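Each chain gets a letter, A, B, C and D, in the order it is written, and its residues are counted from 1.
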Amino acid sequence: MNPDTTAPTPDAASLLDQWMLGLLVLVPLAFALVVAFSPDKRARATALLGTLAAGLLTVVALARFSWSNGAAFQFEHDVHWLPSLGISVSMGADSVSMLLVALTALLGPICVLASWTAITERVRLYFVSFLILQAAMVGVFIARDIIFFYICFEFTLIPMYVLVSQWGSTERKRAATTFFLYTFTGSVITLAGLVYVAWINAGMAPGLYAGSGSWTFQIATLQITASQHMTLSQQSWVLLALLAGFAVKVPLFPVHTWLPLTHTQAPTAGSVILAGVLLKLGTYGIFRFAIPFCPDAFMHYAPVIATLCIIGILYGGLICWVQEDVKKLVAYSSVAHLGFCVLGLAALNVAGLQGSILYMINHGLSTGALFLLVGFMYERYHTRSMKEIGGLAAKMPVWATFMVFFVMASVGLPGLNGFVSEFLCILGTFQASDKWATGVWGSAGTAIPGATAGNLGPWYALVAGSGVIVAAMYLLIMVGKVVFGPLKEPAGHGGAHGHDEHHGHEDAHATEAHLPADLTAREITALLPLAVACLVFGVFPAPLLSALKGPVDQTVALIDTARQIPPPGTPSTQTAAADLRTLEHEPKEASR
Amino acid sequence: MTIFSSLSMLAATAAPKPMSPILSGPPEALLVLALPILGVILCTLCAIMRVRTRMPAFLTVGCLAAAFAITVGLYLKSGPAPVITSGFEWINLSWGDSAGENSPFHQFIANFSLYLDALTVLWMLFVTGLATLIALYASEYMSGDVGTGYCRFFAAFNLFVFSMSCLVMGDNMLMLFLGWEGVGLCSYLLIGYFYKKPSAVEAAKKAFILNRIGDLGLLMGICLTYVHFGSIEYRDIFAQAQPYIDAAKAGRYSEIPAIVQLIPVLLAVGAFGKSAQLPLYVWLPDAMEGPTPVSALIHAATMVTAGVYLVARMYPLFLLSEIALPLVGWVGALTALFAATIGMAQFDIKRIMAYSTVSQLGYMFAGLGVLTSTGAAFHVVTHAFFKALLFLSCGAIMHGFAGQLDLRKLSGLRRMKGWGIVSLGMLVGCLNLAGFPFTSGFFSKDMLIGEAFVTPGTAPIGWILLLTAGLTAYYTFRVFFRVIVGPVHYEPGDELHSAHEEHAHGDSHNEHAHGDSHNEHAHVEDDHQHHDHGHGGHFHPHAPGWAINTVLLTLSVLSLAASGLYFVPTGVHGGAVPAMVDRSSAAYQSPFAHHAIPEGAGDGGHEGPDHAAETVPSYVPTSIAMEDPHAVEHPHENAGTFLGWDPHAVLFYVSGAVGFIGIFVAYVLHYAGRTTAATARADALLPMLGPIPRWAQHKWYVDEFYNLVVRVPLLALAHTFHLIDKLLVDGLVRMFGAIPRWLGTLIRPTQSGELHGYAAGMATGIAVLLFIVFMLTLR
Amino acid sequence: MNTVWTLAQAGYPAALPEATLAHYLFVSAAMFVIGLIGFLTRRNLIIMFLCTELMFQAAGIALVSFSRFHMNMTGQSFVIFIVTVAAAEAAMALALVVLLFRKRESLDAEEWTELKG
Amino acid sequence: MLQYIHPLALYAACGIGAIGVCIALPRREGKNPQILGAVIASLAGAVVLISMGLAAGGFFGAGLSPSIYYYVFAFLALGASLRVITHPRPVYAALYFVLSILATAGLFLLLSAEFMAFALVIVYAGAILITYLFVIMLATQAPTEEMENALTEYDASAREPVVATAAGFVLLAVLSTLLFRGVQDLPHLKNNAGQSLLAEMPRKIESGLRASGKLPEGGKVITNEKGEATIDFAARSVQVKTAGGETVSVQLPADMAVSNVEMVGFNLLRDHPGSIEIAGVILLMAMLGAVVLSRKQVQLDEDAKERHAKSLAAEFAQGAETNP
């Protein structure tokens, strides 16, 4: 955190480490600038180069990251910005951040490839928006300062708004506006909550802990303020404020309606990024802010959150069932899937948290790929209605293979990535109940080595688990209609050679008409990395699990502390508890 | 909260992680998994390189044969104790302090490792062996699809073998689940192999979704197991369960927590789904939409026995529950009867075989439920051979007659040239299935039924099974007497027309065999149509080639030879299979079974377990008394009898007689005096039974019932949710959005758009502000 | 009155008395209001801009007289900026006027009501 | 405020002025009594000025009242301003604006802000107003034959004169009340900016001394480390180092003072250099903006663009052919 701690004479490597995260943000921005001033023809290639450069840098960062020490924030760097207000551009990444940054970097080139032929107008603006979006997303994951975080968090909205409103489908304007206003309204409340914590911190006695009593927006400092020096009711309000923004972003059950609309209207790459990374900003926010800031309140309200998740899982799943628009179906499936993700967070134990963070990555991979596939289909047929198309396996075998593969990943088939995370989320939920110990579930007086403390339990897991059945139902019905069955193509697409004719369709651009029936090499290139990742993370998730161990253990330790010591303001033992809390956390802070 | 932590601490100290000395297994076991995967990769490469030969089939046969060879090697090596071959970490978590200071140490370990004991090897032997044979069969059978779906078929085939191997060989429940879902996927892919056919797609979907319902039960069972035992590795579970097993031995079920008793029930739900038991059986008959080799391998011989495997594998846990085994037994028995009644009324021979599979699976479950895991395992093995044989024979017929499977349109195959081996295969299969004396099916079935009468309280199950045995013999030989023997007659199936253009659909068969359109009149018309084709000289059935014949012959021999397993090795009652089962976790020596009593021993009830304990590791439960603690002391007093006789001795004759009766009825009704393919004596009798045959033919309207009770309400709910989402949830949001909009309309007129208006506003504003200052500074 | 002899007094007139300042301020206020009235009543875009310039002038007078009153040059400097802004504004505004005139052949401010809510 | 003007007089004058201005504003219907309005408005102005003069204890420099030039320039400025807003013809309005500028410059001179006065005349009257005139010429409909001198409708009639004038004069009343009331409370922040400024200009002192012959041969004004001359303001003397090296105190010439230009220059360049830069940027942007805005813009649809591109390409190809 303190730049003084770095070596007095930084060599090239440490200088690189210092600026690594900054570069991860700046490289896409720089390329955005280049794209803005390059001719339309070269915009695509430049953008691809930009995303690849960012990807390369990410690989370097991943290689230099010390995974054994995943809980510690690495590559830390502070750039003073508004010192009088305690605001700085401070960056740092633990393993959760690194993995999400890696996901972002992976999806970058894929999205550029996916929009290669789909975008024919205002190409430069498109790719500029896209690169800026990427920079902002990386910024969110690496921010260690609330204001910097918030700026990046909100800045993702603007390029996304541009992408949706300019290159979307027919209702794009409405969708873009809804998306913007909905998420913006939520996150403004989040900002209010975060600033409230900063305000409380500024009002603390100086010297109580590092950074108390002065205006600062450092996440590490404010986390101590919020988790140790706020009463339960204060924490609850802060939690509510945080969830207002993050739950909309996730999206949790009652505040999800922007998602299907935006997804259906967004261009393919926009959907991929939206599902792949943008939704993860919400879950990441919950992991990074809601839980560590308000552990007591989160624990207290975990059943409520879990209930919302479960409603989302079943409700979203059932709605998927009656969709006719393939993309909308996938969009609603995100509501259901992210329900699992947050459910894992609400379990507040190692299995749940591990599963949830893995879910963030896995959902990005598999749902992102599904959106890509739907997009490729749409590029060829200009419809996404299951009434108009069917049996595409006969026409597009490669596409169909990928489709089935990613649907299976999404369904949570063991051996593919979705299962690991889904299972861990369910297991975490199942374990997390105090009642195991008290004998409510027939286990009185016996050792229950697999149980953890918590407020959820098998019923939550059972109901959530039935979402797995529903998921199989709607996704397989979709596959049965679109991929399998007798070949059915829209009216304007008649015959076996429909693909190489120029139809009178209003959206049909010259380039699109030349697309072959099945996937091109470019499209396969976009899909293959995702498929490989799905398979590898499904069979061999051990590296990810061990990488995430640090942060997850830390969070669970935080929760355990909160469990044992009631928040200040609780009757009796008030001061003693506060003392104890400070004591408990001092060594941890020092080690940072 | 302190209660919890202290309790957990107690748990950590009281029950330290039991580290049973487990030998590490032979590393080549991993090859059994790797070879099918190699097959998948090779087939995929073939697909990418657009190979238009039968190369993928031979690659598959090669890989699977190698896997089989390794399995045989494993069998030869296998000792009495289970061994574990470690692969790599799959899903491993750990948390808490290993020192146990703050919170106890927890682990969740699901390695990609293999647990090899006799049960595993037994299952793997017939899985890989049959898979090899059936792959060989399929290389010819699917040859019509070379260049189109051939690679896809064999890739999925290999993937299936891989998944099944994971299921059987995995060393923890999550590995089992991996295989469990994996075979589900392959089943989905292979049922939907003819993806252009809506019925195939529908059937595939149905299979996957219904399986998933069972899978949820299994998943919950796994979670509960983990929560209670802190591990999902078999060895740990069995070790941890030992105290409960001791308690159960003493009949003190009250000492076993309710959640432990719940685990096997949940697992059973999973098993019912995968093994097509009531109420989740409906997918299996529909699954016959897949190519016949698939039906033979997946939906008859191997995958559907996964449920039996699960119960057998977790048998120690099942013995802990007072309800789990009776549940399994009764569900099995009822399924056996129920499916048999449906099978009797079907006309599609493949579908008859499907219902007979459901029925036989019911037998196996019933066997598990009446405490004879050995009998169940034996039946699994014999059933795998003879049912695969039957299916493959059906497939050969289907292949030869362009998809014709209606037993009213085929007759006298025996007398046709080139169909001898098929007829022989059919005969052998039918004899086995009907439980003809001294066939393998006879022995295995007898073991089950006999044990049902031996075990106290399960005699009704035995009676049901006995009745079902008769029904089975009837419907089995109904097929035989109508199709194989009798006057020569044949009509091609509906694939004749498409055969020239789309040979890809080598054996996609007619849907007419089921559904509402199926009534006698429609068939008479159909008959005429097909007669024209038959006589027009367009259609010649093509007899099976060398690959199919070889496989059929091999299987015929094997399924007959399987009865030898009952006698060899001598000295072990029940033969090789029970010997293997006894060395595994499924081992269970019923204190009532007479074969558990060594000859000449006085108090066999005590001798049995001791004797077994010499050969099996100590933690494997060898003997558990059932409900009555009395039983331990006086086993014979409580052992059931068959109408007062020793069940095993008497049933030898009784079940043989029942089989004969069934065959005789079939002979009378379907062969004697039959001159044409379509009409038999049975048809004249049908009207006497009223609507019952029709109901049975329509599968007792179970599908319709499920549709009405489950699917329709769910769909209605989905539509309601969709509406709620659009109107209520989104509507509320839009309402919030509308409030500012409404406020805006209120002040909207002030924005005239005219420059002067804004300027006047500014001026007024300044004046007002100044006036306020003026008033404030007034002295 | 400050009796300290300063250099300013040598070449610079004495500081303004308040009454004199009041005179100048009244001129400034009156000119501002005249400009404002003009802006409100005239419809010719060019004259409206002239009126804004009048208001700028009024502000300038006030600034210069305060500068004089306080003997502080910042007020006068600020007038330079006012002039700068006025010049810039004139350039832009007149360019806009030309553009608008090209569109509608009229300088009537009431022709342009695109901002109507 | 009584010591500057009687409120009654002020409010009465505001009322009268409002009526006058209202009448003076152009109207289409009937004969325009603009002269009458102007007279009434002048009357109101006169009332205010006279009552202020009375309150200040006399006129034209008597008592605390400003000199006669103030009255002249103030009257001219206000009158010209009134004409700017009342004259129906834009050209005349602009010319009256020039007059108003000139009068304002006069007022600036009275306030001894010479630099500002001339800058105002040069920039405003010289540059900006010329631009205005050009634009007025450009943006006028060509007169038809029969209506050679016809006014356009929007020039001929004012919009809502009564309301606007009333509002304006209410504002004036409030504004001037506040001004008169606040003036006496103004803090006397009279700094001696001139002093330090002179000290900061040793060269100017040197050359002044040299011009008046007071500088010793080869003498130099002594400066401290900040570069400031050491002046004894009370004695009006400055320390000078002679060629010999000794320090002498030399009397400053009587006419030595810091001029207004110097003061403004110091203020601008020393105290507010950043603002100057910003002003420069503003001007540059305005220039660019004006260029961009006033360029002829042709709306081309996609097809037209394509055609245009093709014709350009053809032209280019032709050019390449002819000039190999």
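FYI, a residue touches a chain if its C-beta (ideal position, glycine included) is under 8 Å from a C-beta of that chain, and two chains touch if they have at least 3 such contacts.
What you see is a predicted model; the values in this text were computed from it and never measured.
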Remotest chain, chain D as reference, centres from CA atoms: B
Pair joined by more contacting C-beta pairs (C-D or B-C): C-D
Central chain of the complex, centres being mean CA coordinates: A
Chain A and chain C, separation of their C-alpha mean positions in angstrom: 56
Inter-chain centre distance, chain C versus chain D - centres from mean C-alpha coordinates, in Å: 6
Chain A and chain D: spacing of chain centres that average the CA atoms, whole Å: 59
CA centroid of chain B to CA centroid of chain C, Å: 91
Per-residue multi-chain contacts in chain B, two or more chains: 756, 760, 763
Set of chain D residues in contact with two or more other chains: 159-160, 164, 167-168, 171, 175
Numbers and ranges of chain C residues touching at least 2 other chains: 36, 40, 43, 109-110
Which pairs of chains touch, using the document's own definition: A-B, B-C, B-D, C-D
Parts of chain D lying in touch with chain B, wherever the complex brings them together: 159-160, 163-164, 167-168, 170-171, 174-175, 177-178, 181-182
In the complex with chain B, residue positions of chain C that touch it: 36, 39-40, 43, 48, 109-110, 112-117
Chain B residues touching chain C - in the complex, by the definition given at the top: 744, 748-756, 759-760, 763
In the complex, chain C residues that touch chain D: 2, 4-8, 10-13, 15-27, 29-38, 40-44, 46-47, 49-51, 53-54, 57, 60-61, 64-65, 67-74, 76-77, 79-81, 83-92, 94-99, 101, 105-110
Touching residues on chain B, where the partner in the complex is chain D: 756, 760, 763-764, 766-767, 770-771, 773-774, 777
